[in-house]
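There are two complexes below, and they share chain A, which is joined by chain B in the first and by chain C in the second.
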Partner chain A sequence: MNSVDASEHYEQAATDLAPALLTVIIDTNPHAWAQLEDSLSLSKAIANILVFINAHLACNYANEVAVVASHSQKATWLYPVHQDKDTTTSSDQDGDISMNGASAAAAAAAAQQTNKYRPFRMVEEQVNRNLRELMNSTTDNDLRLTTSTMLAGALTLALSHINRRTIAWAEAHGGADLEDTAANGAGGGSGGPGTARYSAEDDERLQSRILVVSVSGSSDSAHQYIPMMNSIFACQRLHIPIDVCKLSGDAVFLQQACDATKGIYMCLDNPGGLLQYLMMAFLPDQRSRRHLVLPTNVNVDFRAACFCHRRVVRTGYVCSICLSIFCEPPPGTVCLTCGTQLELGDYGAKPALLPRKKKKKKRVNGSAAGTPMSTPTPGP
Partner chain B sequence: MADSDEEYVGEVTDDEDDFQVSRTGPERRSKRRKQRGGAEWELSRTWETLVEGADGTISSTVEGLLEAGKRKRLLKDTTPLQRGIIRHLILTLDLSQSMSEKDLRPTRYLLTLRYAQEFVREFFEQNPISQLGVLGLRDGLALRISDMSGNPTEHLTAIQALKPQDPKGLPSLQNGLEMARGALFHTPSHGTREVLILFGSLLSSDPGDIHQTINTLVSDQIRVRIVGLAAQVAICRELCTRTNGGDETAYGVALNEQHFRELMMDVTTPPATDSQKQSASSLLMMGFPSRTMDSAPSLCACHSNPSRGGYKCSRCHSKVCSLPAECPACGLTLILSTHLARSYHHLFPLINWVEVPWRRASKSAACFACGIPFPPAPPENQWSMAEGHAKGMSVSSRYECTACKNHFCIDCDLFAHEVVHNCPGCQSKSTRPLEAQSDTAPAVDGMDTTV
Partner chain C sequence: MRFGLSEAAWCGRFACRTSDIIIVLHSSAFDWTSCVAPVTVMATATSRPFEYLQSLPGVTLRKLYQQPSTALAIFRRMLPDLAKCFVMALLYLQGPFPQDDLETWVKSESKKQRDDAIDILKRLSILTHPNPVIDKVIEEKTEREQGGKQKKTVRLPAYQVTKEFARSLQQALMGSENSHSFGVFSQGPDQTPVSIADLDDYARRQWEGVLGYMVGTDALGGLREVKLSNGVKQLLQAGHLVEIRDRRVDITKDGFGFVLQDVNTQVWHILILYVESAEAIGMDSVEVLSFLFLLSSLELGQSYEKRHLNEVQLRTLADLSDFGIVYQDNPDAPCFYPTRLSTTLTSDSVALSNPVAGSITGPIGTSSGGSTGFIIIETNYRLYAYTSSPLQISLISLFTNLKYRFTNLVTGKITRQSVRRAIEMGITAEQIISYLLTHAHPQMRKHNATYSTSNASGIPPSVLPPTVTDQIRLWQLERDRLRATSGFLFKDFSAFNEYLAPCQHAAEIGVLVWKSDRRRMFFVTEHKQVAEFLRSQNRPQ
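Up next is the complex of A and B:
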């Protein structure tokens, strides 16, 4: 009898909630931040984001965080930084060496902040240092060449890191592997009979989510359409929500990303209150979100732009080979993207009226078999 | 070492064939294995491939084997082929008495139904604008389980409903094929016509001449793929070979549960279009509806369920509750542009990454994407020793993208090729200066700029 009670007790203690991995993608596009300078400077935004990260780390001692910068010409890690980047000598395998490699000022700052919770300090130092490095390495030439941001790359990096952490966590704790869950829960939107099973499995593994702090407009990222979509579908498959905190502009891709992955999309009316928005809307993890009324975005722009004139279309023509969208049948019915000769089908053609009319006439004149008439007419 | 191994093998196996194999060298054995084809698992002796490491343990070899196994899965052809993206597939399930065998756990029947459900999900994940129908073969008849439609939930519930039933009678391939042919008869010519049969029996009890049916299938350009559960059957082989233009890979016999699953999931990748067949390509009219959210619930046109949200057909404004769908009122295909984008990775696959020899390994110490440290390069005189211990596997545990020259670990390689379909390195650098030089990117870039 005693053993029954005891086992129940232990079981409850053993099912510790899985920690959460938050990956923050900071859009550091200098052009967009320059425009935003009046309401919210980059340094202030970073300070706010760091407070938010600290809050996330404080939620659970095992919570993890990763920060990626999506800069104008490259996407790069801000935290955690990998060995080969910050150590000049490749033979160094010890993590402590990189700390010594930091500038003297940072070391002095570290000495001052000895009272700070160590994970907080680590994130803060590394993010600040790497962001400074990133900004220093940006040349005028880079800025002139491009005004967009490498969001697709940042998302791919973030996903790779999430994959690595999930594998590592599953190995350590025997939970479900990310790909196993992907294979089992492949039908993300299909609901179906197995929905309950997936959510149970989701609970067992590392809870990952991605937060994109975005400032660039949508037209900038048009050339990354396919990579971006690929990353979004990967997130959808792996049940990783993408949350978007939009400080300026409006990005269609990001709206679609949030909608597909069931994340939160928020366009901030007042960027100065960034921290408030972050804390209120983006802090809860997937488990808590089930019990909350989330700020959702109902008006997602799903319209497609045609490939030929970039018009936004409601009804379009799609090439069956390469799936390009056209607003009208392309000239010569040759697909502009893949060059295939296409058959137009019956869409543009008008209904063939003449033959039918003739038939009808014939029938009326020809015989009275079909329609009963009071006065029969003689056949020809 | 070697001696003791051979003795061990000789003692255990009493099969003459096996005995002979164990006496011959490894080269002969691998040749034999190829000849035996599907039966290779009977001959593979995993303990023989183990080699003790310098420290006297086998952990390094085991890790190597694990890595090689992962690698094998992703070394696929990445030539950008023209593929039939818009597919029409009839999934035919064998529901005859042979399916109650328990050689696949729990039974062939239950496992097939489970995998069929997974297949339906994965199929619509990979082919969002395609159509699927499900048939069953039971009691010598072909049963219609679910009609051709693009909605996975209908198929899933229909397959789920089969679970309490029992398999019985004999299967008739001919009846199944004729019904599949009827279902595919009026599919448009720009789509593919495919039949996938999960066949557990070793016979087919047909009312007529199945060869005539095969002839009509060939003339109707219907491709048949079969996954056998028992053993190879001559008529299945002929059927697959003839309908696939001489390609024998369309017929596979499952060795075990895992292999069965792999064979089925292979079919979810859209088939390459045959250049000779010249399937008619055409321009399809499609609607891109916008989402609406009403203040009061209204009935949807597809299921007559009251709902507040939905999508309005861009031609006739009837409300449908989920996409992709065909408008129930005017017949317009309604999709989201994201559904089209989902198929792009089939059209523009990510190139395979190459193994990195020790010579070039020193330039990276950690995986570019996830940051896991790589093993450091050993001194130069040990390079050749470690080389060539497992096929398809990099000696330095590094894999290089030939476009961006970054090094990645095996897990990121798998993840990038199977899940994300993006190269983390190529996407993280500005493509603009590279556009002129790189020879792998133009197809994708051409696509990008037009969006």
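Up next is the complex of A and C:
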């Protein structure tokens, strides 16, 4: 007789759970990996990440994965590679094609492939091949020119892929797509932390998240501050957590990314144990995370980079119109972003009520209780 | 406990002689099987194979886990999200993982989920308490007179992934050794490659043939005749899905429940039946089962070598091709193709409801159109089904009054009468609802996912209109007003006090079901203690 109870019959709708899309961004900056060579080589790290990706794919039949390399001079796809490029690049290394010409090598490859679940193998082959290509195409000149990594580009690639997949999935399954969720999220500002984040619709759509395996330091990437913050705010709006697994160095903006998107930030003391960290902390998807105590980062570095010289600043000047940040008063006190004529009063004086001059402190550690993320409109 | 009939009618049914004689209540108006039996058939996609696996002893499970493909399939299909997290977290750990740590890892408000997950893992012999538990030295304050601290070794309970499972899953993830656990591709160039569309067509034809055989081809009219082997027919009979009376095939109540399920559940149902009957014909059920899991990890559209298979596997293969689960040109062909029915065995129901197996359940014409469901149901109980498949139409007509039929559309209305008719045949409301849900048109999913929550926050969106699902349930409940309890009636007490004492005693020990002070009779589920009580009361006098 309990079955007439109003509560019971709504439960079964939740049994069909949406799959998860994991986008891994691997920082392949050769400079940083060279420094890390002793504790964890790139090839070993890739092997670990591949096992992790397999574990993700193993969790659900429909789970998807995408891998982006954030290299020193460009960001590029490792998996999935689009078909037109796939056919032009290589035909001999591709096991599928060479199989027909029953040579000895092909037979060996065929024998080897049977010991691995086919979807796993395809990811592995593509990632390894594309990474090798990427490394081969990197010239000495490229290395000399820059020591940083194109993280902002990689994030953007990842986001656009997630968007495409979510729309495709929603079309195929009739779930809510990102636009609906974003519209809902926008209604309540940037979504109150914790409470309303997990609406029923979040379960309906493709569960996307981004994992950044980062090795480069922060100061290198300060020049990408604006595009990076824009991608972070896009993630925040679409409820896509950015997880960061930091193998070396410490990145200011990535900490902020995790903090804003409710992702996991972990700085590994012992990079050798990468796989265990990945399996334990980063494997659970959004649904499981609701039940788990997550490793959180209390000390988030909220420093920003100035718009004029891309310096990471602790205290700076903010345009009163567009909220652009400057490390020093812009030349001619004209805002570089919006062109407003600004006036700069005496620095250090008690701020007056009149909007004569603006001086705002960018706060550092511990002051997370304020709303440091409430300025989601940095420039172009 | 509730009685639908009036007390008078209730009591009138019992014919009864003396005081402590006793009648087993038997109501002819009450149909036991209609409310009890279908519940067992109503297994969801996950639970059917899960229940079977759970019933296996630990030794068998461990033997099963030796194949990487099996470990992977069980990991993916049978475990809840949280359990997957646990297994993956523990998989690459060197030693066991302390129980306390595992418990602190999970939020306190999710205790139930954690216990469920651990329970399932233990029942499937995936997680064990290793024998040498972690010894931890804890400094503990002892009694005051000693005044100091004492070192004490505490044996902490810990968890570990079972060796066999851990090794196989690691192999599945990393790929190692020469196990052929994921099938072997055919080497030589294929003379007559079979396209995916052909495979789908074959699988659908065979499977609809099986269903058509069950429902009875006469009723379906235009269904193409598919030859079913005797093995298939015997299996259906052994599973009590059909009965053969006077050489006519009659579908049973279990069978009705079966045909309304989604394909994946049906396939599992059949396969479990097959595994269960495998022992009888001298095959090792573990081997058959692990071969099924192997099949589920193969890729659609690829042909696989047969020469690596052993005797049992070859025999299974031949039997499965009758169901359309695998395809082979002829029984002696050197290779075989898995069809969608097998490759989606361990996928999710989500993956199944997309084009993958939708083409099998769905209307015949639109196999590549990507449309999965085809039923639209409105809040006014009108039902529109975009299908021309005679099988689907006959299934829908089980619980709907069909009104019009067009070339690609049938319409009808779900009424009290039509649902009652279905329920009388042994179909439950849940089965009807789950059928409607699995075949709901994408437009309905989309519409309800986006709009139904906007006004009713807190209630997850339901694809079907809640008023319809509720009403179908209520229509079923109309038939459940009567509940039968077998037990014993005490009556014909000469004095009221004589009646009162045993009645109170029965109430105290909790066996009293019903009583009537006026007529001095009461009804209990257990009579022994009450009779004892009566005797002990009578003795002193």
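Criterion: the second predicted complex is superposed on the first by the 257 of 380 C-alpha atoms of A that agree within 3 Å, B and C clash if a C-alpha of one lies under 4 Å from a C-alpha of the other, contacts with A are read in each partner's own complex, and residues count from 1 in each chain.
Rule of thumb we're sticking to: contacts are C-beta pairs under 8 Å (C-beta built on N, C-alpha and C of every residue); 3 or more make two chains touch, one makes a residue touch a chain.
Keep in mind that what you see is a predicted model, and the values were worked out from it rather than measured.
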{"item": "Which superposed partner A:150 touches (first chain B, second chain C, both, neither)", "value": "first"}
{"item": "Which superposed partner A:290 touches (first chain B, second chain C, both, neither)", "value": "second"}
{"item": "Contacts of A:256 with chain B and chain C, given as first, second, both or neither", "value": "first"}
{"item": "Chain B versus chain C as contact partner of A:276, first or second or both or neither", "value": "second"}
{"item": "Which of chain B and chain C A:333 touches, first, second, both or neither", "value": "first"}
{"item": "Larger contact residue set on chain A - chain B or chain C", "value": "B"}
{"item": "Which of chain B and chain C A:167 touches, first, second, both or neither", "value": "first"}
{"item": "Where chain A meets both chain C and chain B, residue numbers", "value": "none"}
{"item": "Parts of chain A lying in touch with chain C, wherever the complex brings them together", "value": "1, 3-4, 9-10, 12-19, 51, 54-55, 58-62, 99-100, 102, 107, 110-111, 113-118, 120-121, 170, 172-176, 180, 199-201, 203-204, 275-276, 279-280, 283-285, 287-288, 290-293"}
{"item": "Residues of chain B touching chain A in the complex", "value": "82, 85-86, 117-118, 120-122, 124-125, 152-153, 156-157, 160, 190-191, 273, 280-291, 293, 309, 314-315, 322, 332, 336-338, 340-345, 347-348, 362, 364-367, 369-373, 376, 411-412, 414-416, 418-424, 426-433, 444-451"}
{"item": "Parts of chain C lying in touch with chain A, wherever the complex brings them together", "value": "2, 44, 68-69, 72, 75-77, 81-82, 84-85, 88-89, 91-93, 104-107, 110, 113-114, 169, 171-185, 187-189, 297, 299, 344, 346-351, 353-355, 370, 434, 437, 442-447, 449-450, 453, 459-463, 466, 469-470, 473-474, 477, 480"}
{"item": "Residues of chain A that touch chain B when the two form their complex", "value": "72-77, 80-84, 87, 90-91, 93, 142, 145-146, 150, 152-154, 156-157, 159-161, 163-164, 167, 179, 182-184, 186-193, 222-227, 229-234, 237-238, 256, 260, 298-300, 302-305, 307, 313-326, 329, 333, 335-337, 340-345, 347"}
